[in-house]
Structures are given as structure tokens and as C-alpha cells.
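First, the structure itself, so that you have it in front of you.
Labels for the chains are A, B, C and D, by order of writing; each one numbers its residues from 1.
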């Protein structure tokens, strides 16, 4: 597989990741969100593996495997179990309506492209054009967190944001050093545990996972 | 060796306490662990003092004047906080606010948190710095929700999400930094080592670095509690157990600012402009102003001092942004003295709220008559924190303000306004609590007096006499951060 | 001998002040009687009044403290001290250098301070009212007075009374607007300070209008005699102060022993004229309401300030 | 042999600190504590007094450095003539007040712990002295704030009342804001001195030799002036003063009013005359105008008061105004290089500093004695104390006479010198000043007359007449040490008033160093008996002769009139035949001030309500009683401070909306921050 083809495949994967990011933004059903999230993880993992193969960097395989296990299997599974156990409503409500969100999302993609333009010029890597997508994914994840009302969807948005970061790491620099990658993965794992605990805590204290319950601490009166 | 002890003891203590944290002797283990860490950190500091900056563990650790004093500070405050938490947590346990597992969790996470902060300070790897910052957040998230009250859970959730998102942006910044470094160093860990980066910072690509700085600013700025990224801070401080508030305010914010400043040095080196400095100054100033005005309307005592922390972090950020030898010196000193003062305030605040079974300030009265130590401790703490001599905060604010008058005179009116409002707000609230007659619902309490005394003494000494080794360190750090 | 001469003049002046004051008051009263078509008791009646009071026993208010008893002496002492400073017959008195115009004003202020305290001391509404009003008048008159004499001292570059008199005397006779303003202010103030109509009425004890008399209502015997005497001296001194500041011609200069009789005659003539002026004012005008006094004194203050300003602007 | 003056001053500070430090040893023995500690502070004051006095009389400069503070910036200490003079003032009153305090503080024993009072009293004294001798910005600010903080704790000593706490709060707030302004001013000057490459620029000696552009010098001057003026209690920054001084224990009020305000004057002089050097005349014009405003408004407000200590506090505002007038004149003259006139103005100002310390200290001590025995601050409930406090009454009278600027007491001397300055001022190059100066003289004259009026009222209502209050049991004379303290102050009032030429000869070296002019040659043309500031022809005043003259006349008259024994009969006062005079019918403080309210009422927000109470059906003509309400609003408070505070709270409410409670909004903040930074960076 020569570099050119790898780059093309990578671009396709990047497009898919962007698509899934938008999918997360517009998806109303919660299981649907989980599926899309898992797909995004899969694309990310494949992309990492391909970059690792092309660049001959073997530690990227480890990253890819980590991504695969964490983002494709473990986290969606944990979330699935939690949602099931906590009997969370299947429908997801948005704060802002979906067309508006999409428009904002598109604007963010353009903005990311504009921002990464100078970096693209500098880079010599095959993956350089995908940095914009990575940044866009980060921003879309953030946008998702802002527009969603449920604790679970916020977490999914947060994880999507992390995916974007991960993608940025591989696309801009062929991955961070292994120590860092491992550490990041560990942190994500701990975070997953913590939000798991949190769901139960929230659930027991508020009888709901709706974030509306958690607006008591404020300065207004 | 000292370095390994510094990091290892707290990690081991965390592991031990995870199992025995609910026993009667657990607080002693906690104290012992922190004391050992502190002793080791002093040893480390002596090494650095005599031998200069050192690299260790295959360049994985780097100890210089900047981070060694923060490590000693971290170890010291964690030790005094551990001392304080012995009495404080016993009281909480006796009043049924925490269970056995809660105590275990508390002790283990306390040590883990200390470990994370020390790792963040001592590591040479910018990536590991990020990881340990995240670890520090994660270890305290569940401590904030320790009491399981609705507001505690809410506060913890906000802390978790906001800091999580914030720190994720810092990761993006790290990626960009690595990207820039790779072009100089090529593939591998070398590109993330701060010692390497700082040597070649002028070769790094300025556009990338200024972009990276934005992400660092937003990311670590969230943890520093800079406005408008600060919203988690008052919630988390007010709802968690007081020892945790003390270390969050006193230490975590410092460490986050440390991370930000390390990054700023690289960016400045690359861009040869003062842009990062200006961004920091604006953030600092906005934080000072917003925190000061927010202080005016507080009802909850811990929330109030949380805002005061925002204000002081704003001051330090402003000073680092200002740059120049005197302002940077002032900023370094400010981090030190703010941390000591604020944690000591939180100690007394914790006791005060225990005495009245509430954190509502209108119900806390007559502290001096009820418990002179707590009352005077709080009063003097507030005097110190608002920047009155002979306490250390005055010294740093003196340096920062005079330097600001020279380099950024147009900012000083806002600075002055913020300081004045904060002063008025704090005193307005604290005076009725400290003075006056003790209400009948006030409880007698055995206060943990040693930590308060020790902090007060150190604050006083630093206000009147800055030891020469400290100032040498600061001067070295100033040269480093130039 | 060189030393003795000024001392002699000083002694002479003190005697003139002590003895001339009742005479002047008697003269004013006599003139007033004539103008109002009454029969007068002659110019020497004040002497008789004072000596009568001196003989009488003292009836002291129950609550009176030592302040009340000390005040007449202080008032008398301060006034007499003032009398020994103003150049009345000679500009070269040994004591003129002791105190200048500012000190002179302050000496009168001492007298007033103690009178007002005495008014408060007995603990009646009258006394308090008198003190309050007296101090009100004073608080407006005193600055106006200072402003007025300051104008003169600006012209003469001095605050020393003899020096000021010298300057005005030796200066060419010219119309200075500043001095004119100052003189007008001075006349108004002198009226207020000496408690004459239209500010105060020395002849009445009508409660609601009186100022000075309210304060000294409880005095009797020699205390009253001292107060009355001091009051007379005050009138005399203000008149001669005005003369010394604005019309000093005729006052003797140093080492001109021959000039003394001339100076004395000039003084008598001038004081007689002043008395006439007072009587004219008092018969022409009615007493003002107490709060009109502020306007009266305000205009005096204004005039004095105008005098000073016009010195800076016009001269 | 020249005596080095810094040593005694420094030792005295150490002694004060030592006294504060040994307080815990006396736990449980308050009587011993009070006696020992205040005797020690009296000794310390005496020591400082010696140092300060020799500093001025030798004209020597003595410096030393303390190895504390920042490592590259130790505490620089320095005594020169200016600080020596102020050290003398502080320690002289400190000595009297310390003696007085032995008796006064004893009154608190049993009511509240006196140890805090002792500790902070000593720290306060030490802080004041340290302010005067520090020679770099850092140690100056440390001492300055130490002084502020310790006096704050003294103000809040009786902390149960919310009003006391409020007073202390306002005090500390304004003091702190002032301190920050001073600090910024030092920042400006230090920036020019060193460019902030090192700490050396913070020393005053570096600041002195720095060359600073006129525009920045003006900025520095304004910052320092307003910073110090806030502490000095200049209008309109005075609001803390009438709140804080009354509620503090009276010995502390005496020190605060008498000398603490003077440290601010010292600061202004140090910065303008010594460090910055005057560059433009409008500095002096500004000081002059604000001084005049303070003087007139201060004394008018004092006249309106019914609280004795508040009255005294407002009178301090007035006196500070007078001192500022002198400084303003000195600055104007100095800017036109008229050094002799500047020297005269400075001497007048410094003399008034000394005088005000003495008589205001005396008056506050007297008020303390009254408060101590009557437990009353409201003058409406006092009266007739002259019969019960046979010692305090005459000493208070001395204070009143002095502050009313009546000869032969000291207030008159400084007043006289100020008027001389005004009258000697020639035609200046600036037309504004030419109009301002006569107007200033007029207003000053008004102030002096109003001051006399104010203290007639104070003395008359408090000490004369009948007791107006409800109970008068236990009204007693003050103790021996209190009387001793007051007597010493009263004697110094008299001595300063009778022997001014010695004092002027002593302090004449100060204008010589500051503005290069001196008046001593002309001042003693006629010898010590006469005071002739410029030349004998211009003006002269002989305080001893006036004093002896009045004394002589009074004695002679007394002897003549008492040659014949007459009987004195006591009788009830004239009651117009109604025979129902009660003590409530006396003129009181409110009624005494009534004419003035009519005249100057427009300056204050006055609301008077008088209405009859009783049953109108029963008898419409004769009411049982009349009810009179007088409400006075400080226009400056409502026009200047309240809007600021309201605006702060309004803004705080706005800012509070940032903390909205909804996490999505918070995330949006961080998102928007990111985007904004990305766009602009």
C-alpha cells in the first residue's frame, strides 16, 4: 500500500469521522448515539492503524488497539449497561433545534479549516489535511455538550471530543509518544469509571439524569 | 532518590489508605505520608539549591527553581491540611456526614491528588503534565461529591464536565506543540520534553505555537479558574469537604497556573511577541474584576473564599502576563503566599462552619468570643488575603502593582477597582462573623490549631522577611521565565 | 528718658480709653435724646451707672460656676489690652508691636468667647439664646472684619497697626476703591460688633430681639459694671480703630511731643463725629429681625472681599 | 558631639513591640497589664521624643538598614529634620496619652479583655513611628498599613454594636484604598528610578535622584496626594473620620485625631517636597482649594453635631484643611521659587500640626474623661459638668480656647502665621491664584470664627448649665493619671502659645532643607520675645507680653474690685415670672446651632419636623408636648459614596448572572472564549 493510497483512505476515514460527528449532533435516539459513537471509534482506530502502517510507527498499533477496545467496545458497552440499568428515556431532547445546530456545525467546520490552513502548509505528513477534521470534531463534540440536556449525552459529547483530540494527535503528528498515549487512555478509563459512579449518584439524588435538576448552584436570586 | 520518595510516598500512601482509610489510625497514616513527602521535598529542594537544576529518570523528571518551590509548597500545605483534616473529618464522621467507605475514599483520594500534583510539577514531559493534571481533576471530582447532597453532586458534575472539557483543549494544545516540536526534533519523546523545547523555542513555528497557546490558555485556564472559565470553581469549593477546598484553592490552582506559565515561556520564545502576555493580562484583569464583584453578593462562606481565589489567581496571571523581573517575581511570590493564606483561611472557615453547623455567613457570628483561635485566625487570614502587611500577600501585590504602574498603567485603575471591591466585600462579610456576641446555637469545638498557627507564622515571616534562598530561587525562576 | 516717653504715652492712652469710653457712650446717648426730643441725663451718666454698680452687692445665679465669675475680668482684661494696642493718640506706642491687627481681632474674640460661655453657664434659655446669637453674629462679623482690615494691610504691606496708620497717613490722598470697600464693610461690622441698631439694641431687654443683653442678663454688681464698661470700651475702640485705619491724620508720630495736644483734639473731634454718625444711623433705622442680620453681615463680608479683590485686580 | 537621633527612635519602636509581645504574660492580671504596658509605652514615647527633638535641633540625617523585608530591599530607615519633627509630635502626644491611658483603660477592666487594646495600641504607636522613619517604599507601605490595621482593631474594640463595626469597616476600606493609591504613586516614581530591573528603585534616595517627566510627576503627585488625603480625612474623603474616631476608645481617638492624621500630612510633604520636587503651581492650587473646602465644611459639620466626639472628629477635618492650606501655599510659593514665603507657609503648617496634636489630643482626652464618667457621648444629655469635674473642666477649656485660636494659646500662633502668609503673598504670575488667595484668607477667617463658635457650643453644652440627661449618679472626676495626661497637654498648649519663637527657631531648619528658605533670621529680629515673620514693620506679635498683659490687667482689676469685701448672694435665675424652669429648657446643642442651620443649611440635607403631640380635642391650644425631629444627611455621603456603593451592587448583580447555574451555558462560555481567542490570536 503506497503512501498515496493510504492518504486517500485516510481522507475517506476522516470524512466518515466528520460525518459521525455530525451524526452525533443530530441523532435523537440514545441508542443511536451509542452506535454512532462506536462507529466513530472504529473509524478512528482504523485510521490510526493505517497511519501507523504507512509511517512505520509500531506504537501506533498499540494506540489503535487501545482505541478499539476502549472506544468501540468498552465505553459504548458501559454506557449501554448504564442506560439500561438506569432506565433512561430513549429520546434525546435538544436545547437548540437540529437545523440550527447543523448550521452552526458547518460554520465550525469552515472555521476549523481556516484555522488549520497555516499548519497544513507547514506539515509534510500524509495526514496533514485531516487536522481540520480533527479540530472540527473537537468543536462539534463541544457543541453537542452545549446543546444536549441529559447527563449521558453530555458524556457522549465529551467522549466524541476526546476522539477528535486523538484523531488530531495521529493526523498532525503520527501520534504522541507512547507514554502519553497510554496515560491519556488511562485517564479516559478512570473518567469512564467516574461518570459511571456519577450516573448512579445523580440518579439516586435527583431521580433523573436530566441536567435541569442541576441548576441550583448559581449566583442569581 | 529524593525525587522518587516525593512521588512514591504519596502513591503508596494512597494505595494503603484505599484499604485502611476508615480505621482509627488512618488520619495518622495520612499525616505521616504527607510529612514524609514534605521531608523528601525539602531534601530535593536542598539538592536543587546546591547543585542547580537537575534532570532525572532519563530526562523524564526535571527539577528547577520554578517547580521545586511549588513542590515544597504542595507538600507542605498537604501536610498541614492532613493535620487539619484529622480533627475536621473526625467531627464530620461523628456527625454522620461521611460513612466508612467515604472516609476510605477520602484518604486514598487525598493522597492520590497530592501525587498527581507533584507529578505534574516535577515531570519534564509536557504530555505527562497534561495527564497528571487530568488525574488531579479526576481524583478530586468524587471528593467534591463526598457528602452526596444534591448540591454536592451537582457541583461535582460541573467540576468534572467543565474541567474535563477544558483540559481536553489543553491536550489539543499539547498535540499542536508536539507537532511544532517534531519538526525540530523528529519523532519521539524528545519533542515533548520541556528542557529540550525551551532550548529551541525560537526555532518552533510561531503560528502553530500561538494557536497552541490559545488551547493551553483555555484548557489550563479553566483549571486556574480564570473568568469566564471559572464557573466550576465556586461550586466545587463550597460543596466539598473543607480540607479539599483548602487544597483545591491552595494547590491545584497553582499547579494549573504553573502548567500555563511553562507553556507561555515556550510560546513567547517562539513568537517573539508579547501577545500571550497580553492575553494573560486581560484574563487576569477580567478575573479580578468579576471575582471582586461576585464577592459582594456571597452568602456562603466557602463560596466567598472560592471567589477570592479566582481573584488572586487573576492577580498572579496578570503578573505573569505583565512579565518583567519584578512582576514575575511578584507573581511567583503571590502563588506561594496566596496558597498558604488561602488554605489557612479555609482551615478556620471549616471550623467556623462546624461551630454553627452551617456555611451561611449570616448565621455565623461572634467567632472571637466563641473560639478566639478560629476568630482571630479568620480575621488575620482575611487581613492577609486582602493584601495588608505584614503578611506575605502584601509583598507580592506591592511588587505587582508597582510594576504594573510602570509597564501597564492603563490597566491599573481596573486592578485598583477590583482590589478595592474585593477588600470591601470580604471585610463587610467577615466582620460580623468575627466580632460581636456569640449566638446561643454556637457549639464548642476543638479546633486544629497547629496548622493555623504554622500558616500564620509562615505568612507573617514571608511578609516581613523573605529568606534569601527563596528570593534566589525566585530570581532564578524569573530568569528562566524571561 | 527716651524710654520713659513712650511709656508715658502708653499710660495716657490707657487712661483715655478707660475714661473716654463712658464719655463717648454718654455723648451718644445724649445726642440720641436730643434727636428724639427727650431730656438727656448728660454725658456723664455712664460714670454714675458704673460707680453705682461697683458699689452694689452681687446676686449670683444658683448654678453659676467660676466661669461666670471669671468672665467679666477676662472680658475687661482683653478689651483693655486691645485698648493699649490701637494707636489712638500716637502711632508709636510701645505696645503696638506686641500685637497686630489679627491679634487685636483675637483679643475681641476672647472677650466674646467668655461672654458667650457665661451666657451658657447659668443654664437658662435666655443665656443660651444670647450666646448662640452672639456667636452667630461674630462668626460672620469676624471674618468680614479680618477681610476688611486685611485690605488695608495689603495696601500698607503690613498688619502692624502703627505701620498701617503710618502708611495711610503718609500716603498721598487718593481714592482707592479697595479702601472704600473696606471702609464700608468696616462700618457695617463695627455696628454689628458693638451691638448697635440695626443689629442689636443695647437699650432694650425685649427678650426676642436681644443678643448681647441676653447673655449678661444674670450679671449684677461689679461683674455687670465690668461688662458694661468693657462694652463701652469696645465701642470706643472700634471707633478709634476705624479712625486709625482710615482717617489717621492727626494722630501723633514718634518724638513729636508737641503733637499730642493736637492729636487729642483731633481724636475728640473725630469721635464726636462718629458718635453723631451712630446716632443718625440708630434713629433712622429700625432693628432688624435676627435672621436679617445674616444678610447684613453677609453684605459686609462681600464688601470686604470685594475690597480685597479690587486691590488685586485694580491696584 | 552630635547625638545620633535614629537610635532612640528605633529603640522606642522596639520597646513598643516588646510591650505588645509581653502582653500574654499578664493573662489574668489586667490591672498589672495596664499599668506596666502604658508605663512602658510612656517610656518608649519619651525615648522617641528625645530622638525626634535632637533630629530637628541638630539638623542631622541618620540612616540605617534593617536586614528584613525583601532580600535585595532591606528596610531602609532614616531620620532627617522632617521626620524628626513628626516623630516629636507623635511621641509627645503619645507620651501624654500613654499616661492618660493608665487610668482610662482601667475603666474597661471587667467589661472586656483589655489585652487586645494594649497590643494594638503599642502596634499602632510603633506603626506611626515606623512610617516616619522608613526610607523606602516597601517599609513605608508596611508601616503605613500596620498603622491602619492596628488602628482598625482599636476602632472596633467595642465590637458588639453593628454601628461600630460599620465605622471600622469604612475606615479600613478608605484607608486601604488610599494606601493602594500611595503604592501606585511609588510605583510611578520607582519606575523612573530604576526601570524595574532591580529592587533598588524602591528606596527613597533613588527616587529622590530620579528624573521624572512632568506629566508623570503630576500623576504621581495626584495619586500620592489623594492617597494620603484619604488618610488625613480631607473632604470629600473624610467620611470615615467622623464614624471611626467617635467609636474608638478615647485615648485612641486622641492619637488618631491628634497624630495619625499627621502622618498623612508627613507623607504629602515627603512626596511633594522631598521626593518629587514641585514642578507646577497647580499642585499647590489644588491642595489649597481642597484644604479650604475641608476647613469650612469640616467646621460647619462639626457645628451641626450632637455627639461630642463626632464634633471633635469633624473639627479634625477642619484642622487638616487648615494644614493643607498651608501646604498648598507653600507649594505655590515653592513652584515660583519664593523660598522665604514658602518657608513661612511651611512653618505655619508645621506649627499647626504640632498645635493640633496638642489641643485635639487634649480635647479627646477630655471627651474621654467625660465619657468615662457619664457613659454618654450625646451632648444633648450633658451639662453642668464643671461642677463635678473640677479638673477636667478647666483643662477642656484650655483645649477649646486653643482650638478656637484665641491668644495666648497655641492655636492662635499658627492661625496668625497663616494669615501672615496670606497677606504677604505678593502678586503672583497666575491670575487664578491672585483671586484665590484673598478668597482663601476670607474662608480661613470664616473657619476660625466658626471654630470659636463651635467650641463655645461644645464647652457650654457639656460643662456649663444644668445636667440635661436622665441620670447623673456616678458622674465623677477622672482619675489621677488621666488628669495628669490632660494637664501635660494643656500646659504644652499654653507654652506653645506663649513661647512661639523658641519653637519656630527649632523647626526653622525644616523649610531650609525642603524649600531652601528660612525665616529664622527675620523671626528673631527683636529677640525671643517678639515674633516677626518677615520684618518688624510688616507684622509682629509678642505672645508673652499679650499673655502677661491680660494676666496683669485681670489681676489688677480683680485686686481693685476685691479691695472692698462685698457679699455674694446666690439666687434663682430670672424665669420671667413663670417659675417653671426645668433643665430641659436650656439651650442645647441643637438649638445652639439653629441660626447656623438657617444660614448654611443648604449645604446639608436637613429635614426638620416639629409637631405638637397631645389630644387636640381636649385642648387645641395647649399641647402636652412638642416633638421635634431633626434629620441631617451628609450630602457627600449620599451624593458621592452611596451612588458608588449602589453601582457596585448593581454591577455585582449583573456579574452574578454569569454564574447562571446551567452547565451548558458554562460550556458555551468556554466555547466562545476559545473561538474569540482563535479569531484574534
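By definition in this document, contacts are C-beta pairs under 8 Å (C-beta built on N, C-alpha and C of every residue); 3 or more make two chains touch, one makes a residue touch a chain.
These numbers come from a predicted model, not from an experiment.
K.L.:
Quick one: which pair of chains has the most contacts?
P.N.:
Top-ranked chain pair by contact count is C-D.
K.L.:
Quick one: subunit C and subunit D, Cα centre-to-centre, how many Å?
P.N.:
For subunit C versus subunit D, the centre distance works out to 35 Å.
K.L.:
Measuring from the mean C-alpha position of subunit A to the mean C-alpha position of subunit C, what distance in angstrom results?
P.N.:
100
K.L.:
Compute the distance, rounded to whole Å, between the mean C-alpha positions of subunit B and subunit D.
P.N.:
43
K.L.:
Could you give the separation in Å between the centres of subunit A and subunit B, each centre being the mean of its C-alpha atoms?
P.N.:
Each chain's C-alpha centroid was found; their separation is 30 Å.
K.L.:
Give the residues of subunit D touching no fewer than two other chains, as numbers and ranges.
P.N.:
655-656, 658-659, 663, 667, 670, 674, 678
K.L.:
Any chance you could list the residues of subunit B touching two or more other chains?
P.N.:
Those would be 157-158, 161, 165, 169, 211, 234, 294, 297.
K.L.:
Dump the list of chain pairs that touch, please.
P.N.:
After working through each pair, the chains in contact turn out to be A-B, A-D, B-D, C-D.
K.L.:
What does subunit C use to touch subunit D in their complex?
P.N.:
Residues 54, 56-67, 73-74, 76-78, 80-81, 84, 95, 97-100, 102-103, 106-107, 109-110, 112-113, 116-117, 119-129, 131-133, 135-136, 138-144, 146-147, 150, 153-154, 157-160, 163, 207, 217-218, 221-222, 226, 290-291, 294, 301, 304-305, 308-309, 311-313 of subunit C touch subunit D in their complex.
K.L.:
Across the complex, what residues on subunit B touch subunit A?
P.N.:
Result: residues 125, 127-128, 130-131, 134-135, 138, 141-142, 145, 148-151, 153-158, 160-161, 164-165, 168-169, 171-172, 174-176, 178-179, 182-183, 187-189, 191-192, 205, 207-208, 211, 234-235, 238-239, 294, 297 of subunit B touch subunit A.
K.L.:
Residues of subunit D touching subunit C in their complex?
P.N.:
Residues in contact with subunit C: 383-384, 386-387, 393, 397, 401, 404-407, 412, 415-416, 419-420, 422-423, 427, 434-435, 438-439, 441-443, 445-446, 448-450, 452-453, 456-457, 459-461, 464-466, 526, 530, 536-542, 545-546, 549-551, 553-554, 557-558, 561, 566-576, 581, 583, 585-588, 591-596, 598-599.
K.L.:
Would you mind writing out the residues of subunit D in touch with subunit A in their complex?
P.N.:
Residue positions touching the partner: 655-664, 667-668, 670-671, 674-675, 678.
K.L.:
Show me the residue ranges of subunit D that touch subunit B in the complex, using the header's touch definition.
P.N.:
Interface residues on the subunit D side: 68-72, 137-138, 141-142, 145-146, 148-149, 156, 159-160, 162, 165, 168-169, 172-173, 176-177, 180-181, 183-184, 186-188, 190-191, 195-199, 202, 219, 648-649, 651-656, 658-659, 663, 666-667, 669-670, 673-674, 677-678, 681.
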